[in-house]
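Look for subunit A in each of the two complexes below; its partner is subunit B in the first and subunit C in the second.
After this line comes the complex of A and B, so read on.
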């Protein structure tokens, strides 16, 4: 009964966002449910492999068709055009199902894990269908693995007071990040990116900073809400962020940013590739990681900007691989109030590396991204920009910058905990409640034009 | 679960009671005229948006308007009833808004177009210091149908505002506040500052009646309101960015669609700054011979008696502008 309600909630939630592809969601759930059972049942290795291929074909094929078909067509067309050949092919009018990248990766990992005999196929269709359409995560993740979520779905959930309270706290923190930080930063970055031709370089640099913060606050805010809602109804789902801006190199950053996607790609793309290329030593690892991150880039959408974004992140790994420190985890000492100067410089450097690639990520085309960089690296970088470039009320920029600072400080101090507002250890309830009320007031005061979650489009 | 729900209820109890009390007074006093239909949508309180009130008035009006005035507070010096005399067959609605941007003007025109209003005659006041501020984007405190925002967020923003201003809070609780504008607008033309009468029309343009005397001007000079201006013509930095350029093109499209008899006026501001030559070129390209530039050093701006303070000029200046641009032969 609990699962049936969850399934219904998932479908209503999905249909609410976009009802047109509910049948697709049901269809792929049904297909993968039976594929899982047949893969498990089949003793013939070849047949098992073909069933796995069928699952992969459905998942990757669906993604290719809905997300990338037009991209490939137009890319081929322009490639041939540059050779002087005009191809008479047209793009299709395709609408992308919401959350397709997320639920497809969930079904792919399900069939692979059954094939690898790491899990058993679900016999309860309600459980499996709920796993695919689990409503807190269906639109923007985290991408839960079947071994984590399905066992929880198979058990009856009992209400847990402290878990539910914790869930509410995490939802509140997510709302603060989304509404106060991300949505307000969005209005600043839209002004900068829409008019980057005409504003000084210093403003472009600040615009890139705001976008980096916006993306983090938007996506991690959504994730906090999703995890919080899941906690409220008795689930522990995969953590997606672990304070990535305090990373000291790019490898650590990716272990902490969109963790469920990174670990998915590590397991199903990077590891098999690095095994296949193991004879080539460090060169093999570099090739594997560049392919892995290029796929990571293109997972975000059908645009060359995402391909370049992923490729550059892959390239960022080269010095780490050459130094042989890929798996060396740098950890800031537990309980340390401030980072050491070296740690601080590393954190800032990693942040800047990420920030520059996010200019490409945010741009509509690679050409536009390079124009942005061209304008950003000019002499006007040494000017003090007018605050009205970001917002007509310049004071708002200062206020939001202060809240960004507050969020970064709170998350730094809470970095050993799962999220920034995990303050159950604060004994005085009036202090705890004061913080909650304070955040609610900030949300109510700073609620602005609602921006769609950035990762909804992926 | 019971303990959890009890605790949650207790947590929200006090804030809900406080908000409910304020919400009761808010709906009762309705300072933004959101909840009921009124006969009078005049600008009474500083925190009200003139454009928002005018939009509500337009929706409740049965008049068949075919002509409109757009612009900022500077445009309130235009008397729509006078324009009706000048342009035969015109039925004007004064649709100015505080610190109006080009995006705001376009949002109004687009809405009027979608509602089926003919845009036969349009007077558009552009301010060099304001029309393209914030990239020319529409004001966020305008009516929700104009800035495509959520209706609920619009109501919420009005309610939220009451807590950010002392006077607003007094008004929310039903107290009268002395230093609020309390204007009276014309029930038909929506001229913001007066009701159109023969006497008003007769005196429109009467310089002696309106402008300050030399003692008052000296006082304004002394306190820096009317500051000293340079002799050299100065230009603003380029401010018409791609977004605003696109808006200008869309405005032109609407004018073409409606065969509009339009007049685009660059207002004579006290600071005597002109649009940058680049921006001027853009404006000329779009509006061609219907662009009238009264900015910079000229007979109007050189005369400090033409100004109420350093920001606004007297209504008679607008009459002079109208008389100089609206000529019988030009009406399309």
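After this line comes the complex of A and C, so read on.
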């Protein structure tokens, strides 16, 4: 059957990437499969609740252990050390299973939705196991909800030419963003972040800008490929990006960046929190948002930089919540060629807010991030950096900047489409094919650099 | 209160909180239909409704609503039992 093939392919793919944790993946799939059925069958309300807790404990517990145990130990240790006490606790040699942050969120969503009686438990283990380990998405998402993916798995997929073509186009676009833009940006953001004490402030600013673009191109590029591959095999995966850099405020940004994670957190963290705190008015909403985004930050990994990153984003919402203008969406008019000056300023301001937090996100430690900022906000910001400090050919920086510009313009013009290269409406086929071949050539030119996906580590 | 009256009052609350005069709710309206209705404004709507009707929802009830009709049904039930 189609699903069995898909499941086996998925497991081979996962094992090839990291065979040690295949057993963990299969194990938690089995556990949650049975938990789902028991939660549904049990009529006793207390028993139901405890079964749900078991599922949550397994998921969150697994994440805590694999991702955060060492972080807790070393943070604990240094906290006591600052008081002069030396604890005899040791970090363990823990390796993180690939994709754990993503597939754990799928299983948690599954048990919660069954508990809420929003879906029925799957009776087909092949369907369920495939839902958990769906190979295009297993490494770095998008995080599909069960109600979106399981019904698709239960139906037979028939090859659809236009859907497959769409998938191929999206894969091509993703490859372009990843190989031509993200990897090239990486070659000098790595240099900038590794050597920031010796680099003039203007270069640090450019480094921060390029890193922000790099993160977007890398992650949205990967996502386009994942969604494209899924399309090829007949699946409709949830979207993850909606051109976030054209957002006019931070609320809009998070509705358009890593959408499947934001929506997951909104449903399972923010909503219950905001309901519980609703008697405290705006303060309640603010606290809920800050907790929500701090968790979002921590989800990325075991480092205080991620905690600060998330916390800052939560704080960015405060003016919006206080002003009460969060209900007024400043939408950019459809089909408008250029943004208005106000809209443009808003977009730049939002971008800068994000860019600031990404320096922290990228840094090895908070201390380092602040050193970066210290160096950046200094007089050398007016020094024009010599391109040799970027350790690569001067002309290459210009070329990369050109491609970034190209990508931004292309995605701006295509912002009502699902992905940047959705050009099926372009009538002249030679024009479409010209663009495809152009992109392929570019990809082949730059493909020698092999950088892993940034979000693989989360 | 009759169901249509409840709907009218809820509609007024939506217009007030979401600052949009054109809102016209029916039983099948969901957050997807109204631009200003998102997770941030949702909780403000809930609080305003609780205040107006002097009722209290449980978290489970709030999270169970799929559309305005569900919301109205819960409001009606609360008012009846009050």
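Convention: the second predicted complex is superposed on the first by the 454 of 458 C-alpha atoms of A that agree within 3 Å, B and C clash if a C-alpha of one lies under 4 Å from a C-alpha of the other, contacts with A are read in each partner's own complex, and residues count from 1 in each chain.
The criterion applied here is as follows: a residue touches a chain if its C-beta (ideal position, glycine included) is under 8 Å from a C-beta of that chain, and two chains touch if they have at least 3 such contacts.
Since this is a predicted model, take the numbers as computed values, not measurements.
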item	value
First (subunit B), second (subunit C), both or neither touched by A:123	neither
Subunit B versus subunit C as contact partner of A:41, first or second or both or neither	neither
Partner chain in contact with A:20 - subunit B first, subunit C second, else both or neither	neither
Touched partner set for A:437, first subunit B, second subunit C, both or neither	first
Partner chain(s) touched by A:445 [first = subunit B, second = subunit C, both, neither]	first
Which superposed partner A:195 touches (first subunit B, second subunit C, both, neither)	first
Touched partner set for A:164, first subunit B, second subunit C, both or neither	first
Footprint of subunit C on subunit A - complex, ascending	116, 251, 255, 266, 270-272, 274-276, 278-279, 281, 284-285, 289, 321, 326-329, 331
Residues of subunit A defined as touching subunit B within the complex	159, 161, 164-165, 168, 191, 194-195, 197-198, 388, 391-392, 433, 436-437, 440, 444-445, 447-450
Residues of subunit C defined as touching subunit A within the complex	17-20, 35-36, 38-44, 46-47, 59, 62-64
Parts of subunit B lying in touch with subunit A, wherever the complex brings them together	1, 3-4, 7-8, 11, 15, 133-135, 137, 140, 149-150, 153, 156, 160, 238, 241-243
